[in-house]
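Structures given as structure tokens follow.
Next come two complexes built around chain A: one with chain B, the other with chain C.
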Partner chain A sequence: MAIQVSGITKRFNDFTALDSVDLEVKSGELLALLGPSGSGKTTLLRIMAGLESPDGGSLLLNGEEALGLKPRDRQVGFVFQHYALFRHMTVFDNVAFGLKVRPRGERPGSAEIKRRVTELLELVQLSPFAGRYPAQLSGGQRQRVALARALAIEPKVLLLDEPFGALDAKVRKELRRWLRKLHDDIHITSVFVTHDQEEALELADRVVVMNQGRIEQIGTPAEVYDHPASAFVYEFLGQVNRFDCTVEGGIAHVGGGALAIPTQGGVQGPAVAYVRPHDLGVTPASAGPARISGIHVVGPDARIDIDLAGLSLEAEMDRERLATLGIAAGDRCAIHIDRARVFAR
Partner chain B sequence: MPADTSITAPASIPVPPGRSALTEPTWVRALLIGGALLFLALFLLLPLVAVFAEALRRGFGAYWLALTEPDAVAAIELTLIVAAISVPANLLFGVAASWCVAKFDFRGKNLLITLIDLPFSVSPVISGLIYVLLFGMNGLFGSYLRDMGVQIIFAVPGLVLATIFVTFPFVARELIPLMQEQGSDEEEAALVLGASGWQTFWRVTIPNIKWGLLYGVLLCNARAMGEFGAVSVVSGHIRGETNTMPLHVEILYNEYNFVAAFAVASLLAMLALVTLVVKTALEWRFGDELAASRH
Partner chain C sequence: MVAAADSDGALAGKGGAVTVRAPVPLFRKPSILPGFGLTLGFTLSYLGFIVLVPLAALIVRSSGLGWSGFWSAVTTPRVLAAFEVSFGLSFAAALTNAIFGFLVAWVLVRYDFPGKRLVDALVDLPFALPTAVAGIALSALYAPNGWLGKPLNELFGMKVAFTPLGIAIALTFIGLPFVVRTVQPILQDLPAEEEEAAASLGASRFQTFCSVILPAILPALVTGFALSFARGVGEYGSVIFIAGNMPGLTEILPLLIVIKLEQYDYAGAAAVGTAMLGVSFVMLLILNLLQQWMRSRHAR
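So, the complex of A and B:
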């Protein structure tokens, strides 16, 4: 089911959570709403579910206006950030809840409910835990129960609020892959909210970057990472070196002429340049303009702190490359940057 | 992250062998525990024993006679009636009030919370007087009520009103923090899953608060049966008609009828004991679920 959001605005007292947001979610895609806290992503998700009503705008679910509909009439599955499992019910009863509360005419028989719940528990690999209470489960298991519960009502859309936020790093990665695979299998239109750029880039078909109640950019993970539309997106997606420069004739001059970088985009005059750490090349040079102020090895990668005429930069490379270069803290070096994105200051 | 096990106590702090650094010396512990036990025995246990000892001083026959004479029976019945009306009423009010406070944001919420606490902060005598001033013969609605032929003060309705007022906070006070802590996530989940408001209330909200609710009702009931001050003002002390058990105890005592007074008092004491036992039994039997509902 496709979702069409247009002109949605939401204020909480004098705080504008959403400022005339337009967005289209295509049928069957997995879309990420990515942004820092307070960017309005969760509010947007809750408006889609009917848990919050906007001050203006329209929301079409499958081409039909849905803002007047109650949550129960929207056929959406919602997975809450802290799961919101019914603590007094077993896993089985949690998953069965959405079927049991249906009006008498639409309610499946108890044998049918049992069959469906069993099937869903198999899908989320929790069959042995049907009789347990939520308090007896790990975070990852609770998350999967929440997912099975949301899927039980056969929703047309699945909405997930920070689905992996409360999990530790390892479980988070596993569950991420598992969710991606699940989506590839059942192809339900899904929207998830996250503040973790890695999660959004790895999992989503398309990423919506939000900031201060507005959408900054919509695109595939590669598009938003390689071609950020704004300075905000550049800074938010991954590590970045940010420094002031002056652009003249397509060349950015940095640190009083210590470095010149070719740029695109026709910006002239004072500007801010963004360079990803892995786009920053380092070569040992005894008379180079920069000095290596520190080297930190993190797992297979190395982070190199560089001082360029008072400007702190960060480069990133794998350890093998570091070993080939044979550089150490305190050495002088030369820097070359192939790609820099500049935005007018 | 590997656990750092290399932290040891610095040599400069001497810790005697066989005793943890956080444990006090034996004599300090004995003194503290002994003091607490002595205090409890003196101020709680001894009076309780005294009540039963006094009640049974003339033997079980006299005890039984004191409890079965008509005025005592009327007092017991009246107490049960008043509790039977005011406890369910406060159960309803309490759930409604805590639902409002915990699940919604509205103007004047803090005022409401303060108002709920009012009966705790006001002397029970004042609580009774309020009703006399409102519904008494010379009260605000007094003449109107007289014309209508309705008697509130010095009758059962007055007793019930005063009792409801005094015991109002018990259920609400127990539920508000519990419901606030639980938030509305589960209710929202139920709504999205297709439950109606009514289904959500009965299937999600009530099961989550049932133990807190039971606690509140137990305490509310104990107070409703034991209330003296407010009830005393509105009762009029008509024997066999508007005397509840606590009032009956006072009358008997003032008449130097100690055995009968303590016999009725022993019933109230037993009520307190039963309340405590049920409360403890609940905690013991359903401790896990209680902890889970507060989780």
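So, the complex of A and C:
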């Protein structure tokens, strides 16, 4: 089921959470709403679910106006960051809840409910835990119960609010792979909110980058990473070196002329340049303009802090390359930039 | 030399293993918090002095009657009727409080309205008011010529003061704060997300209330009920004014005890007190067990 958001605006007192947002979620895709806290992404998700009502705009679910509908009539599955499982019910009863509360005419028989719940618990690999209470499960297991519970009502859309936010790094990674696989299997239109760019880029078909109640860019993970539409997107997605420069005739002059970078686009005059750490090359040179101020090895990679005429830069390379270069903290070096994006200041 | 050192080491090891295993007290779990023995000892002796010694004295006093004397003292028709009045009406009042006290707590937590703080403070007044004052106020209000008693009598033919209904009203008045104050904090901490989850899963407000909210606050509600009930059973001051105190009809147990004391029937008074104590203890125990069972269903 497709979702069409147009002109949605939401204010909380003086704070504008959403400022006339337009968005289309295609049927069957997995879409990420990515942004810093306060960017309005959760509010947008809650409006889609009917848990919040906007001040203006329209929301079409499968082509039909849905803003007047109550959450229970929207056929939307919602997964909360902190699971929101019913504490006094077993895992089985939690998953069965959505089926048991249906009006008498539509409610499946108890044998059918049992069959469906068992099936869902198998899907989320929690069959042995059916009789447990939520308090007896780990965070990852609870979130999978929450997912099974949301899927039990056979929703047309699955909405997930920071579904991995409360989990530790390893479980988070596992669960996110598992969710991707699940989505590939059942192809339910899904929207998830996250502030973790890695999560959005790895998991989503398309990423919506939000900032201050507006959408900055919509695109595939590769598009938003490789071709950020704005300075904000560039800065928000991944590590980045940011420095002020002056552009003259397609050449950006950085650090008082210490470095010249070729640029594309028609920017002239004062500008801000962005360079990803892995696009910054380092070569040892005894009379080079820059100095290596520190080297940090993180797993297979090395981060190199560089001081260029008072400007702090960060470069990234794998450890093998670091070994071949043979550089150490305190050495002087030359740097070259393979790729940079320049936005007018 | 080497061999000697070896055997020394082995010995030391053995000796160490033996000395390290200090005797562990039966109920004590290993903890870094000090003072287990001191605090447990203090708590038990405090409870002993404050609660157990007076109760034991009561039982000792009544035991002077002997088993058959005790039995005949507490099974006279007048005492049995008083038992019915006291426990029956306390139960009814506690039940009323459980329902309406919950409503008050609900409104105080969920809605904002002008004067909310004032209403919140008002809830505690029955705690602070001398019970005799409450009793006089209530009986003046509900007396056949009182502000409420008169219209109730004329319009519906209802008599409140000097009837069991009057007693129930007095007990409801003094018991209300217990339910409100036990339910309120639990209701306050109830996460909104669980209700939102229920709504998005298709539950109506009523279904959400019954299957999500009520189970979460039920233990607190039972506590409030038990407190209100216990208070009602022991209540004296506010009831004697509105009750009319007709033996066998509107005479409560505490009043009966006072009457027995005035007649110098100390052993009889102690016997009634002991029987009252027994019944109260059993009922509170049942309520406690009920609560424990409810809590264990979603234990951490």
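Throughout what follows, the second predicted complex is superposed on the first by the 345 of 345 C-alpha atoms of A that agree within 3 Å, B and C clash if a C-alpha of one lies under 4 Å from a C-alpha of the other, contacts with A are read in each partner's own complex, and residues count from 1 in each chain.
Keep this in mind: a residue touches a chain if its C-beta (ideal position, glycine included) is under 8 Å from a C-beta of that chain, and two chains touch if they have at least 3 such contacts.
A quick note: this is a predicted structure, and the numbers were derived from the prediction, not measured.
Asker: Put chain B and chain C onto chain A via the superposition and say whether they clash or fit.
Answerer: With chain A aligned, chain B runs into chain C, so clash.
Asker: Looking at the overlay, does A:80 come into contact with chain B only (first), chain C only (second), both, or neither?
Answerer: Both partners, chain B and chain C.
Asker: Is A:88 contacted by the first partner chain B, the second partner chain C, both or neither?
Answerer: Both partners.
Asker: Residues of chain A that sit at the chain B interface in one complex and at the chain C interface in the other, please.
Answerer: Touching chain B in the first complex and chain C in the second, residues 49-51, 70-72, 76-78, 80, 82, 84-88, 97-98, 101-102, 133, 135, 149-150, 152-153 of chain A appear in both lists.
Asker: For the complex, which residues does chain B have touching chain A?
Answerer: 185-186, 188-196, 199, 203-204, 207-208, 289, 292-293, 295
Asker: Spell out the residues on chain C that touch chain A in their complex, using ranges where they run on.
Answerer: 191, 193-194, 196-204, 207, 211-212, 215-216, 297-300
Asker: Tell me, which parts of chain A touch chain C in their complex?
Answerer: Residue positions touching the partner: 49-51, 70-72, 74, 76-78, 80, 82, 84-88, 97-98, 101-102, 133-135, 146, 149-150, 152-153.
Asker: For chain A, which residues count as touching chain B in their complex?
Answerer: 49-51, 70-72, 76-78, 80, 82, 84-88, 97-98, 101-102, 133, 135, 149-150, 152-153
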